[in-house]
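Take this structure first; my questions come after.
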Amino acid sequence: MLSAALRKEALLQWRGLARTLAVLAFGGTALLLFSFAGGPDSGALREQAPGYLWLALLLSSTLALSESFDGEQEQRALEGLLLLPAPAAVLFYGKALANLLQLAALGSGLLPMAVVLYDMPLPRPWTLLGILVLGSAGLAAPGTLYAALSARARARQTLLPLLLFPLVVPVLVACVKATSLSVTGDPMGQLRSWTLLLVCFNAVYWPLCGLLFDRVVES
Amino acid sequence: MTREEKSGRLGGAFLLIGVLLLLFGSYLGLAVAPRERFMGDVQRIMYVHVPTAWNAMLCLTAAFVFAVAYLWKGGWRWDCRLEGALEVGVLLSGLLCVQGSIWARPTWGVWWDWDPRLTTTAVMFFAFLGIIALRSFVDDPAQRATWAAVATIVAYVDVPIVYFSVRWWNSLHQMQSSPATVSPAFYLPLRTNAFGMLFVMAGFITLRARLARRRLAAQLAPPPALTRAAS
Amino acid sequence: MSLRLAPGEALLVAGRNGSGKSTLLRVLATALRPDRGTGAAFGFDLVRERDAVRRHSALLGHQAFTYETLTALENLQVAARFLGRGAGRGDLLPLLEEVGLADRADDVVSTFSAGMRKRLALARVLLQDARLVLLDEPYGTLDPPGFVFVDRLAEAVRRRGATLVMATHLLERGTAHCDQALLLAEGRLAWGGRAADLPRAARAEGLQEC
C-alpha cells in the first residue's frame, strides 16, 4: 500500500517538476532580497547566512506544501482514493515523505546560492545535509497535515502559513543554530542537543499527524 | 429552567464572583501589600501578571481537553466549549504579552526581553489565533469542529517544545526569575487574583460556549422555506 | 425516509437540482457522514464500518477523481495499485477501450473535455468491479455515443448481479435499467415505487418536460 502511495507521489512530483523549479526560483529571490535587508557588510551577512537560508526555505515551503494538494483537490482525487479504500494514514505518509524529499531538495538547491551570496563557508557538508533532512522532516509532517486542511478552506494562501509558522518555531530555531554551529565550528558540543531537539520534534509530529490525518480528510 | 438559562446564570455567577475577587485582590495588591524593596511599585504588576499566566495556560489546557473530547467522543457541546476556550485563551495570552512588555520596560529598559516564558506565550498567541482564523474560514460546522480540534491538539503539543527551544536559544541570557513572593502579604493578593481570574475565565467560557451553541442551532436548523413546505 | 434495496436490484433516484440526490448517493458511498439516521450496505454500517462498505462500492460522482497532470492510463494505474490489481498497460487498456478512450490513453487529463473525464471516471468504476455501483448523473456532460457506454455499464452491472443506484434527470433512460424508483424533493422523499410508474409521478411533481 505504501509503495502504491509513494509511486503515485513520485509520478505527481515528476509531472510537477516545473512547479518545484519555480518554487526554487522564489527561494533564490528571497535570499537575494535578504541581502539587501542585511547587507552589504559582508561580515554581518556571513553571520546571518544560516538564518536567511532557513527563512528562505520556510517561505518556499508554504508554496511547495500548498501546491502538493492542488492536484488532489481539483477533481477530488484524494477523496477518490479514500473511497477505494486507501487508508488515510498511508496517503498521509506517502505525501509527507514526498514533501520531505522535495523540501530537502529545495534546501540543497538554496544552499549553493547562500554560499555564493553570503560567502558562507561549508566545512562540514554532510552534517549540514543531515540538518537539512531533519529540518525538512520537521516542516513536512505538520505542513502536510495543515496543507490538506487549508486546501479545502477559504483564504488558504493566508491560512497555511498562519497555522504553520508559529508551530515550527522550534524547527526554525534548532535548524538555524545547528547550521551556524556546523559552519562556524562547535567548541562546546552544542550541535548534539539541537539535533536532539529536531529528532524529538519529528518523533512527536510524524506519528501524531499521521493519526490525525484521517479526521482531517473525512467529511 | 432550560439548559440554556442554566448555563447563562452559571456564567453570570462565575463572572460576578470573579470580578468581586479581582477587585478585592487588586485592592490588596495596590494598597495593602508592602512596597517591594528592590523594584518598588513596578513589582505590583505581578499581582495581575502571574495570575494571568497561570490562567492562560490553564485555559489552553482546557481547550486541549475539549478538543480531545470532541475527537474522541463527538458531540457539539465539546466544540462549543472549544470555541469558548480558544477565544478566552488567545485573549489571556495577548494580555500576558502586553503585561510582560509593560513589566519589562521599567525593569530591563526594553519592551521585549526574549524571556522563554513570554516568548512561548507570544508564539502560542499566534498559533491559537490561527486556529480562530481557521474556524472563520470553514463553513461546514462538522468540518470546522473537527479541524479546529485537530489544530488545537497539534498546537498544544508544541508548547513544551517551543519553551525548551527558546530557552536553549536564549541560554546566554541569564534567566530572570519572578520576584520572590515569600511573605503572606505578597501571597494573599496573588492568590485572590488568581482565583478571581479563574472565575472570570470560567464565566467567559461558559457564556461564549452558550453563544456558540445558539449560533450552531441556527445554522443546523433547516431553512425557513423547508419547514414551511413540510408543515 | 426509509429504504431497502436487495442485492441485484436497481434503484433510480430522481428529483430537481438540489433535491438531495447527490447527497443520498454520497452518503451511501460513505463520502459523506450522515448528520442523522443510519444506513448499512451488505450489513456493514455506513459510519462505523466505513472501510468495509468502501471495499464493496464504487461511486461515479460529479468530480472525476482524476489527477489532472497524469495521463488517463496513469490515473487508472494509480487506482489499480491501491486496489491491488494488475496495473500493467495490458491490464488497463481494455478498460479504456470499453469507454472509447484507448487512443487518448497517454494524453494528460488536463487536456480532456468534461465528457472525456466522465468516460475516464466510468473506466475507473469498471476497474473497481464493485457489488454496489452508485452512478450520480452518469449521462451528464456525455455525448450521445457516451450514453451508450453508460447503458452498457449499467447492463453489465446488473448482469453480474451487483446492485445499482442511479441518479439522473433522463427518466426514460434511467427507468430502462431500474426496477425501483424514488423521487426526492427538498431533501425529503416525495414518492417511491416501481420504476415503471415514475414518469407519471414525476409529471405530478412538475418534473417532466412536456
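Which chain is which? They are A, B and C, in the order written, and residues in each are numbered from 1.
To be clear about the criterion, a residue touches a chain if its C-beta (ideal position, glycine included) is under 8 Å from a C-beta of that chain, and two chains touch if they have at least 3 such contacts.
Remember, it's a predicted structure, so these values are computed and weren't measured experimentally.
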Most contacted chain pair (by C-beta pair count): A-B
Far-end chain from chain B, centres as C-alpha averages: C
Chain occupying the middle, per Cα centroid: A
Gap in Å, rounded to a whole number, between the CA centres of chain B and chain A: 31
Centre-to-centre distance between chain C and chain A (centres being mean Cα positions), rounded to whole Å: 39
Averaged-CA centre spacing for the pair chain C and chain B, given as whole angstrom: 49
Where chain C touches two or more other chains at once, by residue number: 33
Residues within chain B bordering two or more other chains: 142
Of all residues in chain A, the ones touching two or more other chains: 218-219
In the complex with chain A, residue positions of chain C that touch it: 29-33, 50-51, 54-55, 57-59, 61, 63-70, 74, 78-79, 81-83, 108, 117, 124, 128
Contact set on chain A toward chain B in their complex: 142, 145-146, 149-150, 152-156, 158-159, 162-163, 165-167, 169-170, 173-174, 177, 193-194, 197, 200-201, 204-205, 208-209, 212, 215-216, 218-219
Complex contact set, residues of chain B against chain A: 71, 123-124, 126-127, 129-131, 133-134, 137-140, 142-143, 146-147, 149-151, 153-155, 157-158, 161-162, 164-166, 168-169
Residue numbers on chain A that touch chain C, as the complex places them: 1, 3-5, 7-8, 11-12, 15-16, 71-72, 74-77, 79-86, 218-219
